[in-house]
Amino acid sequence: MFIDFNGKQIYAESHGQGTTIVLLSGLMMSVKSWRPFIPALSENNRLILLDFLDQGKSSRMCEPYDIALQVDAVKRVLDHLGITQAVLAGISYGASVCMQFALKYPEYVNRLALFNCVAYISPWIKDLGAGWTAARVSPEAYYHMTTPFFYSPGFYNRNLDWISARKDFLIENYFGDADFLDSIDRMTNSTNGHDVRERLCEIQVKTLIAGGRDDLLTPLAEQKYISERIPNASMVTIEDCGHATMYEKPECFLTLLTGFANCQEIKLQ
Amino acid sequence: MFIDFNGKQIYAESHGQGTTIVLLSGLMMSVKSWRPFIPALSENNRLILLDFLDQGKSSRMCEPYDIALQVDAVKRVLDHLGITQAVLAGISYGASVCMQFALKYPEYVNRLALFNCVAYISPWIKDLGAGWTAARVSPEAYYHMTTPFFYSPGFYNRNLDWISARKDFLIENYFGDADFLDSIDRMTNSTNGHDVRERLCEIQVKTLIAGGRDDLLTPLAEQKYISERIPNASMVTIEDCGHATMYEKPECFLTLLTGFANCQEIKLQ
Amino acid sequence: MFIDFNGKQIYAESHGQGTTIVLLSGLMMSVKSWRPFIPALSENNRLILLDFLDQGKSSRMCEPYDIALQVDAVKRVLDHLGITQAVLAGISYGASVCMQFALKYPEYVNRLALFNCVAYISPWIKDLGAGWTAARVSPEAYYHMTTPFFYSPGFYNRNLDWISARKDFLIENYFGDADFLDSIDRMTNSTNGHDVRERLCEIQVKTLIAGGRDDLLTPLAEQKYISERIPNASMVTIEDCGHATMYEKPECFLTLLTGFANCQEIKLQ
Amino acid sequence: MFIDFNGKQIYAESHGQGTTIVLLSGLMMSVKSWRPFIPALSENNRLILLDFLDQGKSSRMCEPYDIALQVDAVKRVLDHLGITQAVLAGISYGASVCMQFALKYPEYVNRLALFNCVAYISPWIKDLGAGWTAARVSPEAYYHMTTPFFYSPGFYNRNLDWISARKDFLIENYFGDADFLDSIDRMTNSTNGHDVRERLCEIQVKTLIAGGRDDLLTPLAEQKYISERIPNASMVTIEDCGHATMYEKPECFLTLLTGFANCQEIKLQ
């Protein structure tokens, strides 16, 4: 379905019934990326997927904006669907939106699941982002600048056929498409001001933080930092896994997300 | 309920309905230890708990035995209950039984969840076990020899009231009880021959291995070893967590066990 | 040589010439423990070894004391030998003395090398110490309560002959000797007030912190804590190594200590 | 000095006296990169530095070649200088040459120090290398594609002035210079066949392997792999350090290299 948000269209899908999981994508993903996960994620839950502004089927933007706009887009979707409480989950860019959402609209969030996330956009990540823009000279350059870093070296080396097919697909369909690359640029730039480091202590909701041992873009130290500051957080490290957790370790991703979203409260001490 | 096993009584409980989870305890635990977890674990699943021989309400043994006997005791319980397939889960001693069960009766196991486990009883662990026997001189000595190593230093230092109450409870109720300590000795010795290192490659079922970053009894290196040899295994490390995962990080324990037991198969590559 | 310290005798040795390294032992060690290391450590350096009060050939104490007394004993040795500046190095108990020394007598210290150390004696470690006292019922119990935790499981399992010989030696010569065990008790208790956490930021001198990946007594998290608070500190983790670094990885120990003691200053940024 | 090698000129320097250290550079480095380290490294040692073919002041190549050629270039330098035994040390590309040298000319090597190295050039690294070539479209693109990955995010973010000056320097002097970039391409391609995985077990010499916790180009798992296969190897992990160890942690680099090169043999077990 499409939902109007200040004259822009936000594409969203709702699948299944049960405790609501809102699952937010990373850059270069979209609702489509989750297609193989929908049966598992909607079996016992209502699953909300959406394309951010500048992503998938949602409207393209013309000007720079801040990631806070995506936070309000998510809220618009929830309000439109009459959802007042949900487990909020996200990966990478989507996890940044999650943290900002949990700070701005805490009453909507009953649990928070953050995969491969950072609390702020450091100069180092900014320079990687600038490299992505610089790599727009050719689809191949763009591939080489971006994609190898999404995976752990181990996964990449063990799945060369899959990687190769994906490379061809990305180069043919996306990395030569100026509109797509413009939208990635805008989304990337929208995070320039992302910095919730000082406010992590305000997040009161039960939080799960999942990192990949071999994540090259949002290294474990970042997740450790976050988990030490959100009062009610636990952290697990997925071994032998890079940045794109749901592709490298789909069972772990599903185990963690569905297990966390659905398990009862327990208090021992 | 009590189930006859070659003239011994095995105590078992069945809770709830759904995909069956058989959850096996560690040393110094029993069905009672899981009491606070039962609502969460049986909400969407049939949960089978049992006391091993020499544990909880099950019969005490008079002579030494091998851990393989516990494997057959578990099988007896499943057969009695008409369970032909289950998610097999265990922690520490219980995880050793799980691995041996999965090798001997693979047709009963559709998934395997191993918490804080080792593939073999090394001389080092044997010497710890010998220390436990040597510490039987006083309940206090026994406490000091065993309990501090069950927890991560961080958890221990942060939960001194809980630890202190537990110390009093254990010293008063268990660590001065010769029958209890005899049964622990026998269970400990039953693992002396536990060594599945060469057979890990035969375990075909989807396996989740969970370790604690600060586990002092079954250190992470052991779990890494196992996860690299079981073909269909994923491993997660629970940060800031010692050996007694279910007490230190109950939400992570529940997230991983219920998530893994219930999530659908997915195949991306 | 023996040096008078308030009526007590401190045993000390000086070997070689060059930049002075003062190397302080852990509990259950003494000057004798370093015998095989002396040629390597004194080849290009003046090496000062000493037995703490209640250790090796130094005087036994009759009453409880604080570890601060050992700090002053070290200072007495340096003054007696006319040493006004040295590289201060220590392992475990010796590293605690090093940190306190560097805070009390900073003018004596030009570099600080801390192996397997903690910034404070937590309740967890205190309870281990209480276990040591409780284990005095028999030399075997004492062995089992203490020694297996000094090593990484990997080292222990790979060096069973050496471990076995050491076990016999310790049980025969030390662990049945009430005087020895009394002195260990007093030294252990002398650390009860050790807590330099809030003062780590005052240590200005260049500091090397070395931890063992598999250290079960002073886990890595402790060293990480220290290295993040001493302004001029670097930290290295020795892989596949437990608490007794100099026995498990003697080459790494020598590499780090001599390299750090002797390498010139360098400033790139 | 320049040394003839099959009609090509190899530039080499010799500094100081003592046990010889041959120190081999990584890609994008040269003898000049070590300038600030020479006093410390030659104080007690004879330090040999050299520019590989296609590096620094050595001859440029016209055609593709294998890294084995660099191995023979190093041997030529040693023979010319009459060096029959040395501590062989290298970082990244230089460490690859070290390993191949130690396998081909073991009689020349008495110790081996490997910083930030890999045992083989995996498809993943090859794809990074292809990205470097693709990034030649502009000096800025080349910078973004390469340099941020040489450092840990932590170091990068803490040293923005230094990084910024380095960026300007590299862009102005190197990353727009086609000759320089051609030589980097050739050196990169020379490693395509580098694979010593099956032969690591043949390296008999005492070996030190040093990795950076946050190394994004040659991740720790690679060094772990190597350290588990060279029989006489120890491994240390430098905390809070990326790929360019000598820039990020110069004291650790010097400590490890000089300590390892100069410390006496010791045998405890």
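Odds and ends about this structure:
Per-chain numbering from 1; labels A, B, C and D assigned in written order.
Assume contacts are C-beta pairs under 8 Å (C-beta built on N, C-alpha and C of every residue); 3 or more make two chains touch, one makes a residue touch a chain.
Computed from a prediction, not measured in an experiment: that's the story for all the values here.
Following the contact convention of this document, no chain is adjacent to both subunit C and subunit D.
One rotation lays the C-alpha atoms of subunit B on subunit C, and its angle is 180 degrees to the nearest 5.
Taking each chain's centre as the average of its CA atoms, subunit A and subunit B sit 35 Å apart.
Separating the CA-averaged centres of subunit B and subunit D is a span of 47 Å. Those residues of subunit C in touch with two or more other chains do not exist in this structure.
Interface of subunit A with subunit D (complex): residues 122-125, 127-128, 130-131, 134-135, 137-138, 140-141, 143-145, 148, 151, 153-154, 156-157, 160, 163, 214, 216, 219, 221-222.
Chain contact summary for the complex, subunit B toward subunit A: residues 36-37, 39-40, 43-44, 159, 162, 206, 208, 213, 224, 227, 234-240, 247, 249-252, 254-260, 262-269.
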